[in-house]
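By written order: A, B, C and D. Residues from 1 in each chain.
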Amino acid sequence: MDAGLIFYGSAIFLMVMGVFIAITGRHLIKILLGIDVFDTGLNLLIVSFGYINGGTAPIFSKYPNIFKNVVDPVPQALVLTAIVIGVAEMAMGLAIVMQIKEKFGTCNIAKLKELKW
Amino acid sequence: MNSLILFMALGLSVVLIVGTIIIYLSKDLLVAILGSAVISLIASIFFLILQAPDVAITEAAIGAGLTTGILLYAMKKTGRYEDD
Amino acid sequence: MIRRLIALLVSLYLGYILYSFVYVHFPFGERPLRGVAAHYVENGIKEEGATNIVTSIVTLYRGFDTLGEVTVLFLAATGLGLILAGMKREEEEKPEPTLIMETVTKHLFPLVLLFGSYIFIHGHLTPGGGFPAGVVIATGYFMMFIAQRSFTPSEYLLSATESFAGTLYVIVGLLGLALAFSFLDNVMPLGIPNRVFSAGIIPVIYIIIGFKVGSEMTGILLHLKEA
Amino acid sequence: MVSPILVIALTLFLAFSIPLLHMLSKKLPPFVPPLATLINLWILITNIKHVGEGAMLITTAGLKPPIAINLAIDKFSLLFAILIQVIGFLLSIYYLSQERKDMRFYMLFLLNILGASGIVMTGDLFNSFVFLEILEISSFGLVASGKDKKALEGGFKYMMIGAIGSSLYLLGIIVLYLSTGTLNMAHIAKLMPSIPDSVKLFSSILFLIGIGVEVELFPLNAWAPDAYQGAMDEISTQLSSIISKTGIYLAARIFLTIYGGLYATNIIFYLAITTFIVAELAALMQKNVKRMLAYSSVGQMGLLMLILSVFAKRGDVFVLTTAILLALNHAFGKGLLFLSLGSLTGNTRNYDIEDLKGAGRANPVLGFLFATGVLSIIGMPIFFGFWSKISLLISIMKANLMYLLALLLLVFLVELYYYANVIVNLFKGEGKKYRIGVIPVSVMLLFALSLIVFGLWPHPVFKIAQNAAASLMERSMYISSILGGM
């Protein structure tokens, strides 16, 4: 079995479906869910990039007996940041959606026609 | 990675695929939101498999827990069903 | 329907391009540890004293990012409050929480807070750290204001905690600038690795982040509940 | 010497402390942004003489560059940082005249300035992503904070595109990290020759998508007119004068410094030229003046990207200087236009060209200010815009790109036509007179004055822009000053 296919494949599948849901979704919360799924897929992809065959987590609990073969810690640190940023974006988006619901009375993106070309 | 873990990951990725399809098809937002929570949870198991416990804990707490919470509050305000 | 099919096909095709690119250039698990990552793994404990390398990257090596990350959360909490302010409140029938729920959450709440503090205090030794810890604490509050009839955390106190923790974080950074001519430098003694009191300013930063994230997330949930 | 990292640290400190100050006295928060930008300006100006050839290195966490995050400030970033603080200061003074109950608005505004200054000062790629997110999220908030239908719709569209774009920007950063093992801009630039071509192309396209949202490139700019039109007038000023200029900075830094001459040049060229033409033509069709200004802004950004893509590869300092001059002219001119348009409509948020009839005659000061902005944007002599447009045309002629020259002249004529239309409308017929405070007028006068003063004495600005452009082109200098002898 190919580990790369499973992890890269499912990460990229999440990204694809996320974009697809965000593009075709009609309810605003559905669109935000699509962006959320996309972000999850991206995070999974980044962490999979950092994996090294046979590596362990970068935590040395038996210092100073250092166990050399560890996975790349940098992508993990970056993903930590990305997750938090994702939830911040989501919160902001939801606030806008809730106001839209109050002002427009609908959350259907096809009915938001205040601004036109 | 031994093949047992890989087999488990394969099973979980099938659940992932089903989850995204449920999010796409469901007219009930509650189901869609729970679908995204399940996806986050599975992603956090994947992070654990990929030897990233820090990310796994953060994703489980933030992605699966908190995001679902704020989404549910927002859903309560905006209505549960898509066709309104 | 046709448009959706086209969108699906296009996004699948883009995904296929991404997959084949990634598969060719970065085969799974075969990349050697190199560049800055190798430096962090080799010298991380010597330089910063934390046995969890990810923690020392998050709080010190890339601590400036974490400051920005805290700012993003702060921004989200602020913006949410700003946008939601002045919304009509609907007084709806709230289902009465049952006695079991009320009793259980009352006794669970201190334990959740304890668990959250455990996570951020041990951030330099075990996985976790300030962000999940803060979220765990916020979840405790979340549980309380779902299950208890008359529980509302003071918004004044939340805002003060958030703001105070934020300024404190910047002050810790400036301390480094004042004592070692470099922002966010690890100016405290490193101690013996694997002890709770070790790793210099890492536990301090994680405690600050824990408080800040906890109060911010509770604030976000409170705003959404009351909107 | 005052460390420029204080620009970020102090702004953050002040932003975090606004709630505490609010508890002390409800009158304090509006005064925080002017104070913060003024201090920042002072810090940056004292640092001018320390920034010599190459970039100035400021470390964090006490470690040398590739290991820890660092700030890298050369003359180009210093110029943009000062521009951001100046516009931020003027806008924050403008806000003093408005009654605002919510202190959170000032926090968002200050963090927006912080994000922009962070982007222009940082020397680390991932750090630039974090600041980009700060900039974007605060912009969504600011755009939506008008809370009427248009503002909310514009804000949501911006958020949707911005979220996906910045995620792809992150993916681009990761791809570069995987192929070089570092996140430092100078280090990546140094290791650039060792990266395979396909990886370079792929990552540069990802960056282009991420930055394209900010610089309003063609397929990614659907949010721009809506957000500009929906937002309050001051926020539109901020969008056009600070946020999109930061985008241009980021584009120049990534494609010139890191990739060493634009990598995806052809793609950017076609996208930019499409943006330029489509946006200017769309501006011509508009009945709504604010939307017209928005399209004109998008067109100007397209023009800037066009100049970057055509000339940067040739290493032509003179053309980059013109690009910087154009950016400065646009920052001040468009800012003035958005602000004075808001006052000309009496803050009714009704921007139809019919409603503006005679507004200029009824309010001569405002009419004069608006006209100043227009004249500078279309490049009349004695205004700042004249010099940037003339030098742009000269350099195109020198490069012997006649088709581009013809195209630009044609589009400038279009621009002239729709702006003239507005001006004629403003001074024809009878309009309503509006009362307007001292502070807004003096802020707008400062904008206008800068356009005229720079127009009459272009030499110092020209010199500054030239230095900035030269330091942008000195790629090896940048790398060696950050990494030392490595």
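As a convention for this text, contacts are C-beta pairs under 8 Å (C-beta built on N, C-alpha and C of every residue); 3 or more make two chains touch, one makes a residue touch a chain.
Predicted model, so just to flag it, every value in this text is computed and none were measured.
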* To do: Pick out whichever of the two, A-D or C-D, is joined by more C-beta pairs in contact.
  => C-D
* Distance from the CA centroid of subunit B to that of subunit D, rounded to the nearest Å? -> 38
* Inter-centroid spacing, subunit D versus subunit C (mean Cα positions, whole Å) -> 31
* Averaged-CA centre spacing for the pair subunit D and subunit A, given as whole angstrom -> 28
* Any idea how many Å lie between the Cα centroids of subunit A and subunit B? -> 10
* Structure fact -> Each of the following residues of subunit D touches two or more other chains, namely 126, 130, 133, 137, 140-141, 144, 147, 177-178, 183
* To do: Could you check subunit C for residues that touch two or more other chains and list them?
  => 26, 29, 31, 36-37, 40, 52, 54, 62, 65, 68-69, 72, 75-76, 79, 83, 127, 129, 131, 220, 224, 227
* Can you list the subunit B residues in contact with two or more other chains? -> 1, 52-54, 58, 62, 66, 70, 74, 77
* Structure fact -> Full set of chain pairs in contact is A-B, A-C, A-D, B-C, C-D
* Structure fact -> Listed in rising order, subunit C residues that touch subunit A in their complex are 3-4, 7-8, 11-12, 14-15, 18-19, 22-23, 26-33, 36-37, 40-41, 45, 51-54, 57-58, 62, 65-66, 68-69, 72-73, 75-77, 79-80, 83-84, 87-88, 125-127, 129, 131, 193-194, 220, 224, 227
* Inside the complex, what are the residues of subunit B that reach subunit A? -> 1, 3, 6-7, 9-10, 13, 16-17, 20-21, 23-24, 29, 32-33, 36, 39-40, 43, 46-47, 50-55, 58-59, 62-63, 66-67, 70-71, 74-75, 77-79, 82, 84
* Structure fact -> Given the complex, residues on subunit A that touch subunit C span 2-4, 7-9, 12-13, 15-17, 19-20, 23-24, 45, 48-49, 51-53, 57-61, 63-64, 66, 68, 70, 72-74, 76-77, 80-81, 83-85, 87-89, 91-92, 94-96, 98-99, 102
* Asked: Tell me, which parts of subunit B touch subunit C in their complex?
  -> 1, 52-54, 56-58, 60-62, 65-66, 69-70, 73-74, 77
* **In the complex, subunit A residues that touch subunit D** => 19, 22, 28, 31, 35, 38-39, 42, 45-46, 49, 74-75, 78, 81-82, 85, 88-89, 92-93, 95-97, 99-100, 103-104, 112, 114-115, 117
